[in-house]
Amino acid sequence: MCGIVGLHLREPTLHPRLGELLAAMLGQLAERGPDSAGVAVYGDPVLTPPGRSTVSLLHVSDTTPLSEHLPDVKTIPLGQTTLVHAPVTTDTLLTAVTATLPGATVIGSGTGVAVMKGTGHPADLTRSLGLAGMTGWQGVGHTRMATESAVTPEGAHPFSVGPDQCLVHNGSFANHATIRRELRADGVVFDSENDSEVGARFVTHQLARGADLEKALRLLCERFDGFYTLLVSTADSFAVVRDAIACKPALIAETPQWVAMASEYRALAVLPGVDAARIFEPEPEEVYVWTR
Amino acid sequence: MDPMTVDLAATPVRDLNQALHAPEPEQRWRVRNPRGAHAIACGLTRPLSVEIDGHVGYYCAGMNQHAAVTVNGNAGVGVAENMMSGTVRIRGNTSQSAGATAHGGLLVIEGDAAARCGISMKGVDIVVGGDVGHMSAFMGQAGRLVVCGDAGDALGDSLYEARLYVKGAVKSLGADCVEKPMRDEHLTELAGLLKAAEFDEDPAAFRRYGSARRLYHFKIDNAY
Amino acid sequence: MNEGLRESATFDRATIHAIQRAAATGVYDIRGWGAKRRLPHFDDLLFLGASMSRYPLEGYRERCDTDVVLGTRHARHPLHLDIPVTIAGMSFGALSANAKEALGRGATAAGTSTTTGDGGMTPEERGQSRHLVYQYLPSRYGMNPDDLRKADAIEIVLGQGAKPGGGGMLLGQKVTDRVAGMRTLPVGVDQRSACRHPDWTGPDDLTIKIVELREITDWEKPIYVKVGATRTYYDVKLAVHAGADVVVVDGMQGGTAATQEVFIEHVGIPTLAALPQAVQALQELGVHRKVQLIVSGGIRTGADVAKAIALGADAVAIGTAALIALGDNHPRYDAEYRALGSAAGFFDDFQDGRDPAGITTQDDELADRLDPEEGGRRLANYLRVLTMEAQTIARACGKAHLHHLEPEDLVALTIESAAMARVPLAGTDWIPGRTR
């Protein structure tokens, strides 16, 4: 139960403003989810430098064991989140993190995305992260009112469980326990009891099996029962889908400069040129995908 | 006389509503910078005129009585919900549940209305210039819904006695909703509604839908 | 009967009858009342009266206050009630106008509130009710902003204990001219009610709905949120997050005028199991006694009232018990109940509208059997007895206010009730699932 925001910038001159705009959007939806919040920023050259892989972590205080294991590891502490990047493949970095930082929870990985989460009021999170100073070509964010799982940083969205992939959810799945069991039987490992994580793991599982993003979300619609508005992002795409009943709010605004999605209009109102945007509500069970 | 102007960038919605609820409020109001705020101009009881420049959030003009509220923009969820009387006009599009459970008055949506437009309507007249989304007029009890564009899935599902007029295509009819013949009285009624909404449309181009009244009593055949 | 005949515990006579009825009619059984199965309940708890380690209060002489204030969190005009026993929402439609008026009279005489139901507010009940709570339901039948402003509090109903997750029903026999007019329905139809609100779903959107209702009523009225007991711990937390002033939790013993039997008996959790979950949620949020908690579902005696309050409720609500006080299931109508295929003490066919006691009916002749003044007196008597009984227990535990009762004043008779109520099994310090 929550608020969702997402921004996919088509116009490069807006890239320096990504964090500022995302923070403003998120701030508008704090009342929808005062418990905790999270954001994912795609393409910030400081957080995710080109030619390197980045892993986003919770519950890490000291990354020295990792630095001793891999050359040229850089660490960026950001509130409850810690980012580490290194000039190796994502898999190599993840393996090294698992081996050297046993208490850490991985909340994001890839070559182009930084995922940051925390408990507390969304405004405090965006401030502590310095979100307004971040840059990039795409970002998603979420404010959370926890329904049935605990208020923890790992319970916050986005759920990023595949390379450069993120999922944020507003609503409540009705059969997630069964799908979790099925995915576990297929070898998928979970970090939280959150229903939304099941959605994210499902999408990543389908993408890993060769489905494209649209196909993966169609399969999700077939398999998942319940109420959902989902915003899913990947290394090059931005997608929105809602359940058949489509009770949970969603608005999409599109201009030649950007595509944005939010639970409520007030989050879109902060965007430059919104007055000229084409604004519409996504249709039930229709998958909308924008690719870079 | 110039209308009383309130800038919501500087004034909280609560102060605006308090002013609109005052015992002897100004007659004409102009509201600027709504920026998607919720519950703007809800609970009005007097024949005021309120014009809002921009997009509004949830429940704008909720439970309206006698007032004329115009939104020069889009409206969020449940615009004019449970309206009793008066007129609400949206120049743009509306989100889901526009005019939900409204008992009376006229709701005009110049653009499109999303899902559940007129859900459980109880006497209101709703005229939509564009399309309406799925499950519109669900459980509609009374009143008229006019759609100049197309209707989404399951139009008029579980309908009671609301009357529906659609000019464009209906994606599908809901349970117990059927097409009914357009008789003269319906053409006259529709012409009046289009005129009240200030839409230049030909009533003869519309089709009429209503309740088959087969759900009125529980039967085994009614079960899904 | 042959002494050697053995009745099946699995296929007992009622079960065999239910199968035969289903096979004959092809429709599910709809009835009134609440769950009839045996459930862990307040009966399984006992109070530890004072003796040597604690000091009791003198009955009749020493104070034991009973008042409660509801809606102190955000409302400008909270409700001040003399007793912590309120009347639950029951619709005009389900009940006759006389019955509604009698509930208002009885509640007012005893210094407490009564509640509307699905179908709007009647002038009779508003006129006779000093404190009237107006229900805001998914169907919004009869929902009117003028009545909203006349109310003393607003109760947003998500569900009720008899049918959490289900909408209401009112069969055609009871949809008379007046009922149909108030609900904008054709006369005589089997009314269906929605199970979800038409313009919001989930706690994030409820937050916005509550603000709208506060704006419309100028932030005067307490706003209650009522849920049927299921995932109570989460629901109570979410109601608080959404901005409720008061949370109402209705356990599965809570009554209904017409619901599928399978729903009544198989969905929801007992009041005893829900109450500690609700209190835990409020305590974790730091709002226990600040956001008030009303529990309902199977409250019958002053002992039930005292136990519910000891476990952390601020007040209780009664429905079925109030109808019994008015005269429902009275033996004087036994012959008539039998003519309907029931008997005094068993009658639950509220859906049919042929209630011999004139309470759950819209038949004018039957409804006239209930004199609202006399009914109101009986209800007021009953409410006073509930209060005096609760005070008797509270004084015996040394409490100068009912709200000073606490879980530590209770022990449980069964392992089930000890686990649900989270109090020790009598004579031990064992709380199953909590202590070893």
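Going by the order they are written in, the chains are A, B and C; count residues from 1 in each one.
The rule we apply is simple: contacts are C-beta pairs under 8 Å (C-beta built on N, C-alpha and C of every residue); 3 or more make two chains touch, one makes a residue touch a chain.
Which protein is which chain? UniProt says A = Glutamine amidotransferase; B = Protein glxC; C = FMN-binding glutamate synthase family protein.
Here the structure is a predicted model, which means the values were calculated and not measured.
Chains B-C form the pair with the most C-beta pairs in contact. Among the remaining chains, A is positioned farthest from subunit C, on the basis of C-alpha centroids. Annotation: 43 Å between the Cα-based centres of subunit A and subunit C.
The mean-CA centres of subunit A and subunit B are about 36 angstrom from one another, to the nearest whole unit.
Contact with two or more other chains is made by residues 57-58, 77, 96 of subunit B.
Residue positions of subunit C with contacts to 2 or more other chains are 205, 208.
The set of subunit A residues that touch two or more partner chains comprises 247, 249. Residue ranges of subunit B in contact with subunit C, taken from their complex: 13-14, 17-18, 21, 38-39, 42-43, 45, 57-59, 62-63, 65, 77-78, 81-82, 84, 96-97, 100-101, 103, 116, 119-120, 122-123, 138-139, 141-142, 158, 160-161, 215-220.
The touching residues of subunit A, when paired with subunit B in their complex, are 28, 246-247, 249, 251, 264-269, 279-281, 283-284.
Contacts from subunit A toward subunit C in the complex involve residues 1-3, 31-35, 145, 147-148, 170-172, 227, 247-249, 263.
Against subunit A, the residues of subunit C that register as touching in their complex are 196, 201-205, 207-208, 231, 234, 238, 241.
Those residues of subunit C lying in contact with subunit B across their complex are 26-27, 30, 139-140, 143-145, 148, 171-172, 183-186, 189-190, 192, 194, 198-200, 205, 208-209, 211-212, 215-219.
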